[in-house]
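Everything below concerns the one structure shown next.
Think of it as A, B, C, D and E in the order they're written, each chain with its own count starting at 1.
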Amino acid sequence: MRVTQRVRKMLDWYESDNPGTKANLARMLMEGKLGGTGKMVILPVDQGFEHGPARSFAPNPAAYDPHYHFQLAIEAGLNAFAAPLGMVEAGASSFAGAIPTILKLNSSNSLAASKDQAVTGSVGDALRLGCSAVGFTIYPGSEYAFEQMEEIRELAEEAKSAGLAVVMWSYPRGPNLDRAGETAVDICAYACHMAALLGAHIIKVKPPTAHLSLEAAKKVYEAQNIDVSTLAKRVEHVVQCAFQGRRIVVFSGGEAKDLDGLYEEVRGLRDGGANGSIIGRNTFQRPKEEALAMLGKIIEIYQGKA
Amino acid sequence: MRVTQRVRKMLDWYESDNPGTKANLARMLMEGKLGGTGKMVILPVDQGFEHGPARSFAPNPAAYDPHYHFQLAIEAGLNAFAAPLGMVEAGASSFAGAIPTILKLNSSNSLAASKDQAVTGSVGDALRLGCSAVGFTIYPGSEYAFEQMEEIRELAEEAKSAGLAVVMWSYPRGPNLDRAGETAVDICAYACHMAALLGAHIIKVKPPTAHLSLEAAKKVYEAQNIDVSTLAKRVEHVVQCAFQGRRIVVFSGGEAKDLDGLYEEVRGLRDGGANGSIIGRNTFQRPKEEALAMLGKIIEIYQGKA
Amino acid sequence: MRVTQRVRKMLDWYESDNPGTKANLARMLMEGKLGGTGKMVILPVDQGFEHGPARSFAPNPAAYDPHYHFQLAIEAGLNAFAAPLGMVEAGASSFAGAIPTILKLNSSNSLAASKDQAVTGSVGDALRLGCSAVGFTIYPGSEYAFEQMEEIRELAEEAKSAGLAVVMWSYPRGPNLDRAGETAVDICAYACHMAALLGAHIIKVKPPTAHLSLEAAKKVYEAQNIDVSTLAKRVEHVVQCAFQGRRIVVFSGGEAKDLDGLYEEVRGLRDGGANGSIIGRNTFQRPKEEALAMLGKIIEIYQGKA
Amino acid sequence: MRVTQRVRKMLDWYESDNPGTKANLARMLMEGKLGGTGKMVILPVDQGFEHGPARSFAPNPAAYDPHYHFQLAIEAGLNAFAAPLGMVEAGASSFAGAIPTILKLNSSNSLAASKDQAVTGSVGDALRLGCSAVGFTIYPGSEYAFEQMEEIRELAEEAKSAGLAVVMWSYPRGPNLDRAGETAVDICAYACHMAALLGAHIIKVKPPTAHLSLEAAKKVYEAQNIDVSTLAKRVEHVVQCAFQGRRIVVFSGGEAKDLDGLYEEVRGLRDGGANGSIIGRNTFQRPKEEALAMLGKIIEIYQGKA
Amino acid sequence: MRVTQRVRKMLDWYESDNPGTKANLARMLMEGKLGGTGKMVILPVDQGFEHGPARSFAPNPAAYDPHYHFQLAIEAGLNAFAAPLGMVEAGASSFAGAIPTILKLNSSNSLAASKDQAVTGSVGDALRLGCSAVGFTIYPGSEYAFEQMEEIRELAEEAKSAGLAVVMWSYPRGPNLDRAGETAVDICAYACHMAALLGAHIIKVKPPTAHLSLEAAKKVYEAQNIDVSTLAKRVEHVVQCAFQGRRIVVFSGGEAKDLDGLYEEVRGLRDGGANGSIIGRNTFQRPKEEALAMLGKIIEIYQGKA
């Protein structure tokens, strides 16, 4: 694997990590059609846990099979595939070496009685399954946030020492945040910064809206004339909050929308300097050919060709 | 032990497991009258814990003796016998090698002040007692679900690394589910999928009713025309939610009914592609000869002979 | 030590235990005047913890001294002496080898703000003090029952692997039980069965009354015509719930009564097949000579001589 | 160090302890002006934690310096000096070998939101600082009592195996005790007995009043004619509850009083058979010369000379 | 590195620490323009965690980059730089050996649902990142104070045994303290004393006001005529509460104020015998040149030149 100059430079951001972790970051950054560009598209499939199998896979029943997702990610030329324990176990051997995998270490579900997540995988699992990274969701602002931070602290330390990369899903929620606040730009930026401070290598946040949630923050955004009028500007700000861009930041698909809306959003992410997208439901709920076409287009956008 | 092609193919589903775990899965799948067919009938005896000894064994007092159950499972030609620590300890040496055992690692009881379970056995216990698998109950939807998932995550990792198989009883309950919801087909399918994602090798769920519980799921089932009109169709759907059938799914006995009703139900399970049944009270609360006759009939159904 | 046929047969019940644990069971079963008969009388002295020192020992001040209890148990020809950490430490060396000891690993007290127990000893303590067994109280039905079961699970696994025997005090209480329910025969039988399932070698329960507490159990007792009209019949039922008598069951002294009442009760226990008695306060609150006479009489009853 | 017959006899009480622990008990019992008599005076300085520095040390500002307390204890010829981690660290090297030290392992404070204590030191700390013993406070009767007992159980096992002695401060409080109850003689005796059962080598309680707190205990004290009319009689009873005097019992200073009142109290303690006193504030809040005079007088009382 | 007499004397205060810890204290005390004087100015950058990135860095956007802070601390000739995990990781290699670093091991944030902190770093992290010390915040008086004390106890023991220094931020708050109480002189002094007793090498508190908060303390301050009329006098008292000055005490910037107010405050700290200042926001929210000028002036004040 020849590592491009661009990726080599990005690896330098992770100056405190061991060669094992750098190699795993390189594997993800060099994989697929965006390999070497510093951009990434990742396929995450944990919606079966979050929303149930039928709501996730019935629109495209081939997707009930874990192998389908491995195959899709490979055929589409993506950078990595992320899933919970059982789903990775179901295909890790068949597709060993074919695409970098991210083991999602915690999971929530729609039946849950509390707004927490359960730890459902371990660093040892990630290692025996040949994963390149572990993934973990935190809910900054929730009653469980401190506990989650302590869980990922411990898991991340173990992962890093074992040469794995650490991906954090940072999704604010909780008593101090209303619905609009969860995707407000000040909150997304804060969530991104906290993940960076917690030692994440790759940070996943939602595309921010122009809303400002915390009163104290609002004053600063206005006083400092921080431009949050366009998605590109907001993304630029969020990336800035990841140590002036020293950490990889990728964005989820955001609110449901049509394909044109989706492509437009991705252009905004790209123009703002995002490192890429994590797109789940929008991908596997379509027939495979449509999904491949869509992912191809998104990749072209990140390549600056569309 | 010669492993049949059918079982060999099923072992391939467990592509991330070590040879020890595969061997233990093979032991259970090759045992008894259904050995080699890919179908299983398992005898579980934890009702003494759940409901008390008299309610469980008084109708057939020979069943107070743990040896009775080992003997019954062997004579009936079943695939495995599952029980809590003390009961396995009481017969593990007398019946060593005679039938695969599953050590149930957690237990509830009718006196309990909360709807949780206590961890009452360990992987170390399973190993010293020569068990082929460990069993664990989760209550998706309950206040204790995340905690239970974290317990089984840790126990399952340990069990797998020691070459044991992992059986999960996935029984939804909790504040978001009414009585009908606990066996609704969307909920059973979800419970089955979660157990698969948690890394179970064998999943036990209840036979699903045609009821749909979650509003959000109901819409999808209707929009996608998922056929839940017959038990066979519902079972097919539940099995699909186990990674398109890549995980073994067995069903408990369901609501009390007469023998004809029970056989009819088993035919539905078989026709839907279930891998088998776990039948406790219906078995050991009858005189031994009646129980053997009943189990023989069920086995014939799974063999396609009845 | 020559082990009798009777005791050798009882050791066979514990077919999954290692030779170390069997040897310790044998030591207790072969000790004292009942040695070799399969019957046991054990002296427990944890009342100072439970009720305070003056309420326990003021009626017979010699009993403030731990050595007194070791001496009493030895002179009376009992099978074992059970006590919390400090009391065992205070005499373990002076009486090393003179009588088997059971280290009580948890304790409650009358000042406590909750109906739980504290773990106050360890398996390591039992080993360094030369004990033959560890003892542990569970309160099935209480808010702390699951936690206590998990504590004893862990301690019992450790004790068994170190060759110690495990004695469980199973005392139901909690929100689902009224005062009468705590000693109801269905509840005692259930408590005994749970201790057996948790892996106890020796189970201590209270003498059951003819009361039936759980509505669901009541129906079964009536439908199955389970005879609970005499203490002997009830004890027979409780012993049956200990794996058809495959586990040693001993009974505490029950409600306060005069000596004749006590002897009558012990005859009931004996006739029902109990393996013996654990008698604390009734013993050490009398002058030593009276206590020795009383214990002598109880032993004669178990010998079938009185 | 030549150990006196009296001390050698006391060491025999601790028949289950290893030579390391016995040696450390001997070090404390042989130190200072009371060395060899079986009596002890100990200086405890944790009031800065409990009440704050100014309330503790402002009356005698030299006492802000940890070295002052080491020096004071040495000059006064006391048996040991007890303090929390930071204070022992501040002088352990300068005064290494000059006086036995007791590392207090838990601490409370006046700002605390709950009536618990924090564990603030470890057995490892005690070892690296050359301490002879660890100290720990329990609050029998409080909501945290079971947890505290489990903490000290674990710490005490570790300390004993490392050859350290274990000192327990047993201070009853909690929802079942009113202010008068906390020092009632039945409660002090109970607290002392619990510490003994928990395995303490040295027990610290408060001087008991003639009050009887628990209704059930009161009946026994009256029925058995337990004499609690004088401090000496009450102390005698408390010592009796420490395994008939097989454990060392020392008393704190009790309510604030003038010097004559203090000496009178110490005479009562001595006459009741107490093993000594632990005196903090009364000591270091006076100018050094006055403190030395006072301690000299107390020592004389224990020597039977005053 | 030649250690000055002044610093050598300060190292003697830490008489129980190993040479590794003493060396790290020396590294911090000998670094920068105040090196060797016994005074310190430290740059802490955890405001992004506490208040969010925009509120922290937008006034001076260069500060979004972790390298900026390393550079600033070096150019200003400070003694050390303190930050949470991710920020230290982002520059630890580029600036290895260039300035001592303090890894902040716990963190709070403005979205939090409770007034606690999450542990977000470990001693292992500090060692692999080449830090000289670990930092930890406690909130004496809060509902989480005992838990925090137990966390830092364990982390501090580990840090000390690994040759690291321990810095404690001691910030009182909680139900027994109103806003004014949090910086009252009796409370600051108490907070400082508790950190010393917990084993801190360096203690950070806020500049105390003349307010007295605890009623019981107030009486003593008045009775003993403790002079709290000037900042210098109050600082003197706080330092006295750090074992008569045997521990290093540094002060945070206090309430927002203009530069002259800030310099005046620093003069008060210096005149009271403070060992230095920890100044965050006041530093990095200004353009770099202004920040360097300000820090230069503060250093001159501590040098007695301004």
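Everything below uses one rule, namely that contacts are C-beta pairs under 8 Å (C-beta built on N, C-alpha and C of every residue); 3 or more make two chains touch, one makes a residue touch a chain.
The structure displayed is predicted, hence computed values, not measured ones.
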Handout entry: Whole-Å gap between the CA centroids of chain A and chain E
Key = 36
Handout entry: Distance from chain C to chain A - Cα centre to Cα centre, in angstrom
Key = 58
Completion exercise
Contacts with two or more other chains occur in chain B at residues none
Exercise for the section: Specify the contact topology among the chains shown, as one of line, ring, star, complete or other. Expected result: ring
Practice task
Name the chains in ring order, counting from chain A in the direction that reaches chain B next.
Solution key: A, B, C, D, E
Fill in the blank from the handout: Per the touch rule, the chain D residues reaching chain E in their complex are 48-49, 51-55, 58-59, 61, 64-66, 84-94, 107, 109-114, 116-122, 124-125, 128-129
Exercise for the section: Mind listing the chain B positions that touch chain A in their complex? Expected result: 13-17, 140-143, 145-147, 149-150, 153-154, 157, 161, 172, 174-177, 186-187, 189-190, 192-194, 196-200, 214, 216-217, 220-221, 224, 226, 237, 240-241, 243-244, 246-247
